[in-house]
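What follows is chain A paired twice: with chain B in the first complex and chain C in the second.
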Partner chain A sequence: MEAITLIDQSVCPGDVVLDVSTIANHTIKLGGGLRQDGDVISVTKSGTLRFSNPNKYWVQISQKRYVPQQKDSVLGIVVDSRSDNFLVDIKGPALAFLPVLAFEGGTRRNIPKFEIGTLLYVRVVKANPGMNPELSCTDASGKAAEFGALKDGYMFECTTGLSRMLLSSPTCPVLDALGKKLSFEIAVGLNGRVWVNAASPHTTIIVANAVMNSETLSGAQQRIMVEKLLQKIQ
Partner chain B sequence: MEEAVVVTPGEVLGTTSDVKAGRGAYAAPHNDTVYASLTGFRRILPPSLDSSDQRPTVEVTGHKAHGPVPQPGSVVIARVTKVMARTASADIMCVGSKSVREKFTGIIRQQDVRATEIDKVEMHLCFHPGDIVRAHVLSLGDARAYFLSTAKNELGVVSAESIAGATMVPVSWTEMQCPLTGQIEQRKVAKAAS
Partner chain C sequence: MENDRPDGRTANQVRPLACSSSILHRAHGSASWTQGETKVLAAVYGPKAGTKKNENPEKASIEIIWKPKTGQIGWTNTLLISTITFHLKKQNYYFFSHCLGKVEREQVMFSDMSLLPCAINASSAALVDAGIPLKHLAVAICCSVTDSGCIMLDPTKGEEEKMKAFAYLVFPNAIVSVLPERPLQVGSEPMTNGIMTSVTQGAMSVDEYFHCLERGRAASAKLSEILRKNLGSKSTSEASKAG
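Right after this comes the complex of A and B.
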């Protein structure tokens, strides 16, 4: 079974992607959603099979559940606070710990007081299977860099695939089209949470609805959808 | 000599001038009386001939067999249940070569995982939930768990399962390899007894 035919196609769990015995002397790197079962590489999660030169195969998955990964930027909600860290819900299998000192210039004297329910934009520092993930409100060099509590605005949930599309570069078409006509702030978490803030609730709702609708649309369709939405309003 | 006298905790077994308190008995400091601390059969052991203290020893042995209990200094086999940033919890399964009858929990702290560079230990590179470890009991610890240590060559992970589900083979004192996929995983590996 040649893998080449399945690249960029939708695959289901159980599909055999590659037979390792047919290619000798070649190392293949398997990413998420693929599993080696003896001689055969099979799919474990439904999605789109992707290949990157020279030898990386993975399945691009979009789901509502989030699996914490190191270096991801996510939106978390404070659930509890302990003496040495905050417990934050990031839509993963376990609550994440945010150390009270993980802020720029954080010392024991100026620990931020986050109430339960505060929305935070944080970075995942450590995410090992079986352990609670560790977060930080600073970037890798220790600067605050937009991390921290998000005030006002509206937060809604989406799939991880939509989050990745919104964060892709060049700018995602829906955000580009909205940005040309409206003025708003947006924060996208790779864990399937998006926060939008604008001067009026009217604008916030338009942006939120446009983003939620854009998951299955192509670039051109997204621009048409945004135009139609804005025409209806004005 | 065997006696079939059953005693309960708090029963008077004698005075300190007559008997010495052995296992299952204790001498109260405020009055010179020896009381039982367990339920069981009272046995009086004759004093050893060459000791200066010629009092017989009274002990209370259990009326049903107890499972072994971890004591400081004993080597235990435990299964890791939870791995956190600075500690790992484990369920103690065997003390020495006998399996325990009740549930005992142990904690392996970051500083007790190995003997060298103890502040640079990453717990997730030493243990994973489900690993079987051989550890040494440091102390009775706190109310929740015994303190365990794996800071010797022959202590550490004895058996572990890889992500693919196969029992891994030790490769070095920090690595184990899965026989099915060839993937290397990091653990604090116990040196196999030769």
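Right after this comes the complex of A and C.
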């Protein structure tokens, strides 16, 4: 008798997806949205169950709020500055700390002056439950690597699912189609914030609207939508 | 001997159900649940950081704000609030300590009895919409007992006045499991036979109460279906537009 499988199906909190005692390979990796309850693995958040060989299970979820994870690149907004930290809002449960020295070549003498409301592209260094996350404006090796303040442009919020889709490789179809005809800069934060900058406000708005509308469309539908949009304005 | 109900339902039928989620823009999660003429809108904000004093950081904490359609919060509403708070704490008691502090606001849109079950269903859907990790979901239903001992599900306001007693019952959501042969056990009983919360008013006999439980449990399957369908179709619903 074939056991039913929930992989690639919508699951709901409480659903049981796996029985650990009957699996031959005893090491399984659980990603977000799953937890172990004795002998079974059950779901804690609603989404689509995914599996990748050999042993990774996770629930693909898309939310408005963000759960800080280490190594994520996010867009944060400066809320306050202290003597040794900037307080940055990254759409998570707690404000994140950005040490004033976490910049390439940062010393006590050249601390950047970020005003309240500055948009930053930062990397999450530490994200432990119960503690404020820690950020950095350098990559792991200490170089600046595009992190830092984002000037001009337009920032809008989206769901975490859309951010992940925009950052997927190969290039997301909507960005690919827009990039062929328009020239713009884009920064995507895994916390559900996207920043777009282009030479004219006209182009910025087209890109922003196209991205916002592309969440529920498939690859082909996204390309069609972008074509129609560009035809209308040219 | 089925009594004819004013709106033509049988004793075991619930009113038409509707559920929609992600309807509020600013809330982190929101849902509305309609049962006939009763409609409750629930919004969830959170998780938030920081523990207040006197709160155990190992447990989740939740704060409920309830807005009745008209009037101030009297004792009936306070009872509802405390029941919902108690019930929700039970529902997600396993939490990690960082998932603290959720604020939930419930707004009554239309009130035609069966308010507490409606609110619990709406809050289950809203918590899932916000992405709060939950151990399981709950569905709630109201059973009432007439003077002659008949059990009626989901009474309206008109029917309510003639009842001698009613019970609000909250059951765990029906789960889909890859283990069909071995249902989850809690103690020695299958989990599907469990009940999470029960609030009763009026006087009924023990037998009548057990009948209520049976009927309610049977009807909760339909509620589970609606809840699950609503959550599953989120991926195809309209994308959340930025403010």
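Just so we're on the same page, the second predicted complex is superposed on the first by the 228 of 234 C-alpha atoms of A that agree within 3 Å, B and C clash if a C-alpha of one lies under 4 Å from a C-alpha of the other, contacts with A are read in each partner's own complex, and residues count from 1 in each chain.
Here, a residue touches a chain if its C-beta (ideal position, glycine included) is under 8 Å from a C-beta of that chain, and two chains touch if they have at least 3 such contacts.
Everything numeric in this text was worked out from a predicted model, so none of it was measured.
K.L.:
Could you let me know whether more residues of chain A are touched by chain B or by chain C?
P.N.:
C
K.L.:
Identify the partner contact of A:Gln36: answer first if only chain B is touched, second if only chain C is, both if each is, neither if none is.
P.N.:
It touches chain B, and chain C stays clear.
K.L.:
Based on the superposed arrangement, let me know which partner A:Glu134 touches: chain B (first), chain C (second), both, or neither?
P.N.:
Touch status of A:Glu134: first partner only.
K.L.:
Let me test your reading of the model: by the given contact rule, A:Phe97 touches which partner, first (chain B), second (chain C), both or neither?
P.N.:
The first partner, chain B, only.
K.L.:
By the touch definition at the top of the document, which applies to A:Thr216: first (chain B), second (chain C), both, or neither?
P.N.:
A:Thr216 contacts chain C only, not chain B.
K.L.:
For A:Asp89, using the defined touch cut-off, is the partner it touches chain B, chain C, both, or neither? Pick first, second, both or neither.
P.N.:
It touches nothing on chain B or chain C.
K.L.:
Go through chain A and flag every residue that touches chain B in one model and chain C in the other.
P.N.:
On chain A, the overlap between the chain B and chain C contacts is residues 35, 129-130, 132.
K.L.:
Mind pulling up the chain A residues that touch chain B in the complex?
P.N.:
Residue positions touching the partner: 35-36, 38, 97, 126, 128-132, 134.
K.L.:
Which chain B residues qualify as touching chain A in the complex?
P.N.:
These residues of chain B touch chain A: 82-85, 123-124, 128-129, 164, 180-181.
K.L.:
For the complex, give me every residue of chain C touching chain A.
P.N.:
28-29, 46-50, 57, 96-101, 128, 130-137, 172-173, 175-180, 184, 227-228, 231-243
K.L.:
Which of the residues in chain A come into contact with chain C in the complex?
P.N.:
3-6, 10-19, 33, 35, 40, 42, 44-46, 48, 61-65, 67, 93-95, 129-130, 132, 156-159, 162, 212-216
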